[in-house]
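Same chain, two partners: subunit A is paired with subunit B first, then with subunit C.
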Partner chain A sequence: MDILLQQILNGLSIASVITLIAVGVTLIFGLTGIINFAHGEFLMVGSIVTWLAVANGISFWLAILLAMIVVAVMGFALERGLFRFTLERPTNGFIVSLGLIIVLQHIVIFFWNANQKSIPRPLNTIWEMGGVRIASVRVMVIFITAAVVAMTFVAVTRSRYGRALRASVEDRDTAALMGIPVRRYITGVFVLGSALAGLGGGLLIALFPITPFTGGTMVMKGFAVALMGGLGNLTGAVVAGLILGIVEGLSAGYGFSEWTDAYSFGLMILVLLFRPNGLFGGTSGPKMA
Partner chain B sequence: MLLTISDITTGYGPTIVNRGVSLTLATREIVTVLGPNGAGKSTLLRTLAGLVKPRSGSVIFDGADVTGQAPDVMAKRGMVLVPEGRRIFTDMTVEENLRLGAYTRRDGDAIDADVKTMESFFPILAVKRRDKGGSLSGGQQQMLAIARGLMARPRILLLDEPSLGLSPLLVKEIQGIILDIGERFGASVLLVEQNAGLALSVASRGYLMQNGRIATSGPIEELRDMSLMRELYLGGVAG
Partner chain C sequence: MPASHSFRSLLPVLILLVLLALVPLLSPSNRFVSLAISAGINVIALYGLSVLFGQTGILSMGHAALVGIGAYTAAILARDFNIGFWLSIPLAGIMAAIVAALIGIPSLRVSGHHFVIMTFAFGQLLAIILTNGGDYTGAASGLDVQQPVALFGLSIDVLTHYYLTVVFFVALSAIASWAIINSRYGRTLRAIRENEKLAASLGINVGRHKIGAFIVSGVFAGVSGVLLAYFLRHISPSQFSSFPSIYLALMVMIGGARLLLGPLAGGILVAFLPELLNLDPVQSRILYGVCLIAVILLLPNGLIAGIIAGWHKMFDRRAAQPSEPAVEREGK
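Moving on to the complex of A and B:
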């Protein structure tokens, strides 16, 4: 029992970061049909910003806020400068994102080299409860993610903007007929998704050292989570992220920890075999006229 | 004139759909555009709503040149299209659909009141308030689509084939609703129909469209009597 809780918390803390990616990937896909594979690099940039800020004496909490802002601005610029021109053909957006992976990685390597980077743990407390050792930093990551994801969820399901966003996802033309400025919502979703990736990057570097190549593995899992939940489905991404966290935690604790990735991708394959549209049913992206 | 369309030409790719269409609409007037399938009626409405950019010609709405403006801008100006095939948001509740219709408005209390108004005007919407739009029948979806359009408090409501796929009984109901729109909501109606019976019973003036051009136009009584119209059009269609 004791080790179980510990392992699940470990799994959930990594899954938190992955869920933050998955939410961004799924929101952007739902509205634009673009699968942004560079989202992992957005996360990595978030880690780098946090690392730079902390190295310059800024507190970790301010640093992750800064990471969110910087990556959000980057997402805004990339949407206005690149992705905007691929909206009629989302496959082109996907190809653009593949190119961006290389560009972003190498910009980071050019300025800050390819070595591993880490920051001192923002929280060092280890709670001991009946033989269970719980690192507070992991709990912090889970709580911040849960809070941010819950806020995103409420905004999408309850607010007037969320309603307009869901309408735009379902039928872009008809949403425009309601007076909804769909293009502005597309920009907004890129900015929101990027901010979440920036946050994920800040949280990730609080858990583990990162390299300029960290984004690749993270986006693969983020994409797997988004697919499992149903691409374009926010609830699906969150629930699948939770499942992934538990499975990874259990597999690391009771199975063979070097097989953790195989368990998560195996799970994704199983889900897609039996439910090709994901657990909660995905969207097929925007209808193209 | 509330709306003056002059010499509008539209097309998709190499295909020309509308060729030099001109039309006017006055405040609270109900005008219909009749014509066979493929005549270019829907494209004309989609152009007015901003979904299709015209190749040439102009649209003057309430004194402002609004030619080629984007659909969200047109909706904000009060030109609201109830599209062919209803295009209800199927994953969203009836109430959410209604509230989306009021997206351009900021007057929260008045929006709440208008939701109530729609629910009394279309009682079925009150019954189905919490149901997903996709669970509604065709007729109910049409009611919702019209109500959603009215939620914008439009100055011009563009109705594209509201009778499509509906039983004669429901067509009768739609007819009553269209006649009420001007009085209850102060909007003008531009109605595109293949069902000439419905169109002729609600409109005061009409345009007959054929191969993308206005073949003839005039007061509804004249159109009703026209032998050309009968031959073109009324023959095959049940009214």
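Moving on to the complex of A and C:
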């Protein structure tokens, strides 16, 4: 029982980071139809920024803020410089993102080599509760993610900007006719998604050492989650993130740890086969005339 | 761009290959020949991808996995059944085709975008399975291939002999690809690429033909895998995971998927560019990524088609045939 709880907690903390990616992926896809595989590299860059900042004596909390800002600026530049030109052909956007994966990974390797990078844990307390050992750093990651995702959720569902965003996802052209500056929203979503990936990167390196190749596996899981939830569906992404986290945690706890990476791909394939729009329904991309 | 129904499109490729076959006469360095061999092995898989992507318009981001199936089939056949190089080639081709069918039948139920992700996920899944396969697949460290390769009693393990064998298989796959492009079947595939709904309304079984194209491309990949296994003599799961798949897609994009010269140009260019510019592997990968992005945004038909279009623009004012993007718009 104790192991069960502990593994669920471990799973949830990783799931938090995956959910942060999934939210960005799902928002960007919903609005532009672009499957941005480089999102995982955004996360990795976030980790690297955090690592560099902490290594230079900046506190962890400032470092993750810095990571968010740097990655958001990067997302802005890439949207304006590259993805903007692929809006009419989202498949090209996808291929561009594959190119970006290689470029970003190897730029990081070029400057900071391919070795594992880690930071000292920002929180060292471990609570013991009835035989369950709970690392406070994991709880912190779960809480930060929950708060940020909840904020994003409220912003998207309640604010007038969120309503305009959802209208643009529903039908880009009609939304534009209603006076919604769709292009600006696309940039905004890229920036928001990138900032979330930057945050995810900062939190990830607090949990585990990372390498320049971490982004690749994380983005696949983020995608698996976004797909399961239904691309473009924010709630779906969060629920699917929880499911994946628990499944991974349990499988690691019961001795199938070498297969953990396979679950996300397997689940994704199954969901796509039997419910191509995800478990909770999503869009199949922006409608384009 | 209607595929020319004549022999003319195949001729430059064959001439180029004959010239390439003469290269060993110049006594090039071993390193050069090795690079050329790995380029050639990629080109074989690229001809398969060009049928899939160039003709049918479906992109596979897990193609290295099918190459891996070919390579592992060859290695396991050699280890457990003492089956050598020549018999491995058809068997690995069949095996890769079967796996392509297993991946393709469910994957092609989902359209466009999702298919690309499915192929990527299957590719990753395969690398995980190979890694967790224990002694049978040699786990993360992979398998050795020890069988000698001989033709009519003549050993072709010598580097230049192996090079000629690869050139022969490249020629074979170019001819096969040409034959497919210029057949009724190729026309059907292009009809699907141009307008899936229209093709379906004309009575074409779109799903079955897409799966067919995927299986055909799988055969090429399987054969290329055997050549790879016997060239490297050691294979491991990481050679067939996500990066090699992206790398193959990059080559086919840079060369251009629709022209017969495209895969050959893409494979050779990507293999030799770092050597020419004297880049280390990290720098050359950055360059590949930048090239991929630049080609997609600036020359969506690939480099060769771009050069041809530029040539026409400069020397032939009226020949401005509107170039069509290689990647169709999806998600309607």
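The criterion applied here is as follows: the second predicted complex is superposed on the first by the 288 of 289 C-alpha atoms of A that agree within 3 Å, B and C clash if a C-alpha of one lies under 4 Å from a C-alpha of the other, contacts with A are read in each partner's own complex, and residues count from 1 in each chain.
Basically, a residue touches a chain if its C-beta (ideal position, glycine included) is under 8 Å from a C-beta of that chain, and two chains touch if they have at least 3 such contacts.
Predicted, not measured: the structure shown is a model, and the values here were computed from it.
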Checklist entry - Putting subunit B and subunit C on the same copy of subunit A, do they fit or clash? => result fit
Checklist entry - When the two structures are overlaid on chain A, which partner does A:Met178 contact: first (subunit B), second (subunit C), both, or neither? => result first
Next on the checklist: Just to be sure I read the superposition right, which of the two partners does A:Thr86 touch: subunit B = first, subunit C = second, or both, or neither?
Outcome noted: second
Next on the checklist: Quick one: is A:Val96 in contact with subunit B, with subunit C, with both, or with neither? Answer first, second, both or neither.
Outcome noted: second
Next on the checklist: For A:Ala167, using the defined touch cut-off, is the partner it touches subunit B, subunit C, both, or neither? Pick first, second, both or neither.
Outcome noted: first
Checklist entry - Between subunit B (first) and subunit C (second), which does A:Leu207 come into contact with in this model arrangement: first, second, both, or neither? => result neither
Next on the checklist: Per the contact definition in the header, classify A:Gly266: touching subunit B only (first), subunit C only (second), both, or neither.
Outcome noted: second
Next on the checklist: Just to be sure I read the superposition right, which of the two partners does A:Phe223 touch: subunit B = first, subunit C = second, or both, or neither?
Outcome noted: second
Item to check | Where the C-alpha centre of subunit A sits as vertex, the angle toward subunit B and subunit C in the overlay (nearest 10 degrees) | outcome: 90
Checklist entry - Does subunit C touch more residues of subunit A than subunit B does, or is it the other way round? => result C
Checklist entry - A:Met68 contacts which: subunit B (first), subunit C (second), both, neither? => result neither
Item to check | Shortest CA-CA distance in Å separating subunit B from subunit C in the superposed model | outcome: 12
Item to check | Residues on subunit A engaged by subunit C in the complex (per definition of touch) | outcome: 33, 35, 82, 85-86, 88-92, 94-96, 98-103, 105-107, 109-110, 216, 220, 223-224, 227, 258-259, 261-262, 265-266, 268-269, 272-273, 276, 284-288
Checklist outcome for this item: Within their complex, subunit B touches subunit A through residues 49-51, 70-72, 75-76, 80-81, 83, 87, 89-92, 96, 99-101, 103-104, 148, 152
Checklist outcome for this item: Listed in rising order, subunit A residues that touch subunit B in their complex are 160, 163-164, 166-167, 170-171, 173-182
Checklist outcome for this item: Interface with subunit A, subunit C side, in the complex: residues 59, 61, 106, 109-110, 112-114, 116-118, 120-122, 124-125, 128-129, 131-132, 242-243, 246, 249-250, 253, 282-283, 285-286, 288-293, 296-297, 300, 325, 327-332
